[in-house]
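Sharing a structure here in structure tokens format.
Per-chain residue numbering starts at 1, and chain names A, B, C and D are given in the order in which the chains are listed.
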């Protein structure tokens, strides 16, 4: 399969190996999938680092009403609490390029974040009992800053000394249907810009020295993936075998590789609103996960008033 | 042909009919195609109104340098001058939805426009010798305003009494390769929102009472079109006949119609920058076409300082 | 009094005339002032048209929490219901220039508006029982469109035939303390752009043929007004008589008229957030006033999801 | 004088001390003022660090035409070249809060910057002969990130190892007439957020370990300063002595300190366009200063196409 995917749930689709565990459960319209990559061998096979990958999918996320979105935020918060250390400041890194709507998820999440680390007294205690320190940065992408995202974050981590980093980024989907319907949370970190072909130094516990929780949402897809999905749809119908289908796919991909279509990356026409909606869900989820001392109402008021 | 197209040059591709004239010429990297639909019969066949359709294509418009973009503006200006009446005010209508980047071309062109109609003395003469009156409006789309664009524009035309309307809108491409590489100018007017399936009352000489020059640029494409383009690419290579290919296409489209893919409309990931670049080319072209008394330098200074 | 004001409550401050009625009441932190200009003579004296002027003031509107803002929206809704006709479509006109933050209130209110007029069946009945038709437009200012706002709105009113127009605009304050703390509602219409010195044809029942309810919020102030307020503060303290003070003021204004200070119009540094906050209060108030069939929860969900 | 100023030229106005040198010259409409603070004693007196302060003033900067703006960029470039080291990468830090228009100058300059540091081959040489490495970051303000700007920049400097930092920020004016008419360049660094009362750790050679060139433009002014300027204007006219005037000023400031006016910070109504214009002048100036190998035309094309 030549098209790489950022989603472990896609990578592990046909995998039934010793080192991979999968668990699925439904909460109303929300499907939660947990993939655990337990061994180095499994990691190599899936091309995914060892660790946990928790995915929340919701077919019509974009059309979800307020109640459904709040529910999704709660689930996200619950999962983040499992993965985050109990104490210490959290640095939230909004990755991606704010000037490209389809890549602006990271920086837009920061708009909904309750930033608190500076609300400290002279002795370094928090001004409000129980408030946990959160700081945030949208460092921008290599082409805009001239610096690797990892360089920027590493420099800040060494000065700010958070107990963990949460990194948010837009991903590339390997199935058309995944776009803006799936939120992946993982404790294995993230490879900024990995989605569209430019591999950079990763953000993970090894490179940053503190746990890195990555939150990703597929926002773009290669045009060739759309072609493949349509083809698959059609061919399955005429009873073509999976093996035969894979052969046709490979051929298709080979052809289009050198055609304008080959590296065209697309996003839904409604991407502006989609990014806005998912950014709020993630922002609310992080706020709830980190600030256990505040009620949902207090959080809502504080976070959405800080704009 | 199930997939409709806003581009006459696409519609007329295989058409060699009595009532259709086509002319092509190249200016460096710019391909200019003129299609004239001369008879009602030809109009029915192409599903395009009688009139002129002039298209400028440039493979890598998005990567064009300043010299190439200025050249394209000049060509556009020359064509607009042919189609516009010699005297009287011009109303420029920037159609589309400014909140959806892929649909914001119309409103973004207005940012580059030299608006002059209000620079009049008490007797209604222009304050600057030779300046032609230009007014502009981005009325917004039905879903945002609750009013048909045609209603809004008609009301304004009756009060402002321009000698012509220039309407700018983002179009839907029928070939993936057309996205943001083609600018179509036509004297047949426009059907706002026609690109993505919602037909509304048209903007044309019949409905508005003055000539309507439409400028359109394909900015989005149906996911199924991408699938078809990829399929075509592959099948042509294995020597499949056109007839057979059309059959497969029809089947493909039938299948995907009821699948999520069926009505997914996509746009390139770089749409923010693309829209910005094309908007400037069109804005500069209109300014040059209308203000014959001003030199290119004066225009550049006046238009880009008004921001 | 050389500095004109858009606020009737300021104009009527020292007025105790036969044709002017004033009523004040407090609702917690909200001060509601109703000024009724009953005779033509009083109108001439105040330089305010005959009609009702209802003002809501709140000292720290910008720092108000969610509960206070919702309360203010309710009061606004209640007042609008008194002034609006019971039936028929409503056209909401967001006046001002969206590219100037301090003048963007009108267009920003539209972001929070529930637009419904197009949700009709073929016979012109509303798709949802009890929903009232609302349409909206941000026509832009003369300098950007080349057309008088009144021309644009009049043209649309004639086609769309609403039963009333609600026009929203940023105003000029005559007291520094009014900026973004006061919302004025009046049934006398509005003079677009009147705040900063450029008088245009008015929007009112006489020019548009339907009732015009204007909602205005002071967002800017002349630098000379700030100077005067500071001076007044200081002089009152040293026991200077009002008459003497007025003399000094006149002298001050005379001096600064020909100085750079003279026509400098300023706005608070925090204007971006202020406009956002007030826009939402007004948007929510209009929604509630117009859609009596919907509960506050339904309105919140519908209005804030349409973004 | 209780009102502090970020501009050395204002601070040194009445100073004729041993350790302060001043030089003025005019280039057409541009007034260039160089203040050199030579001794620690002079630094204490002026409350300005030892070093060079070069100021470019232009009465109607906002209304300057293209030729004047380009001229100003050239002057700025020339001054920056004097202050910058000849070799090594440059880090440009756009300070301030992008969500507050009056504070967005720093981040907006980055939009015009030619970022090049990443255009390197594997051995660390630049891909284009003669191109100098530039990287850039808009770190955001303490209230948004939860981190001191100095913390963020210091962390990055240690990883990226530039030979100098250029920091751009909006300043507070002490005279109404300075707003958006003056650009100050200094080799003494900057105190982020110093303009509006919140002192933070400074950005300077001592704290960052490399030279820090600061570029600042007054964009806001205290309302009390406007009051004082108007008062001064009036009183000078009636022949009041400077000593008496200072007394009145002190009294005025004392009064207003506890009044709403006291801490009101204002900005011109046209701040959106003003910031945009000055940001481009500064961006062009930096590009020209740093990239000596590129012609003005190449720079223009490269810098304004990168958007």
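Observations on the model:
In this section, a contact is a pair of C-beta atoms (placed from the backbone, for glycine too) under 8 Å apart; a residue touches a chain by one contact, two chains touch by 3 or more.
Fair warning: this is a prediction, and the values are worked out from it, not measured in the lab.
Taking the CA centroid of subunit D as reference, the farthest chain centroid is that of B. Counting C-beta pairs in contact, the pair that comes out ahead of the other among C-D and B-D is C-D. Centroids built from CA atoms put subunit D at 37 Å from subunit C. In this assembly, the C-alpha centroid of subunit A lies 38 Å from the C-alpha centroid of subunit D. One simple way to say how far apart two chains are is to compare their mean CA positions; for subunit B and subunit D this gives 43 Å. For subunit A, residues that reach two or more other chains under the stated contact definition are 99, 273, 307. Residues 99-103, 176-177, 196, 220-221, 223-224, 226-231, 233-234, 237, 248, 251-252, 255-256, 259-261, 264-273 of subunit D touch subunit C in their complex.
Chain contact summary for the complex, subunit D toward subunit A: residues 99, 110, 115-118, 133-140, 142-148, 151-152, 154-160, 307.
Within the complex, the subunit D residues that touch subunit B are 65-66, 273, 276, 300-301, 305, 307.
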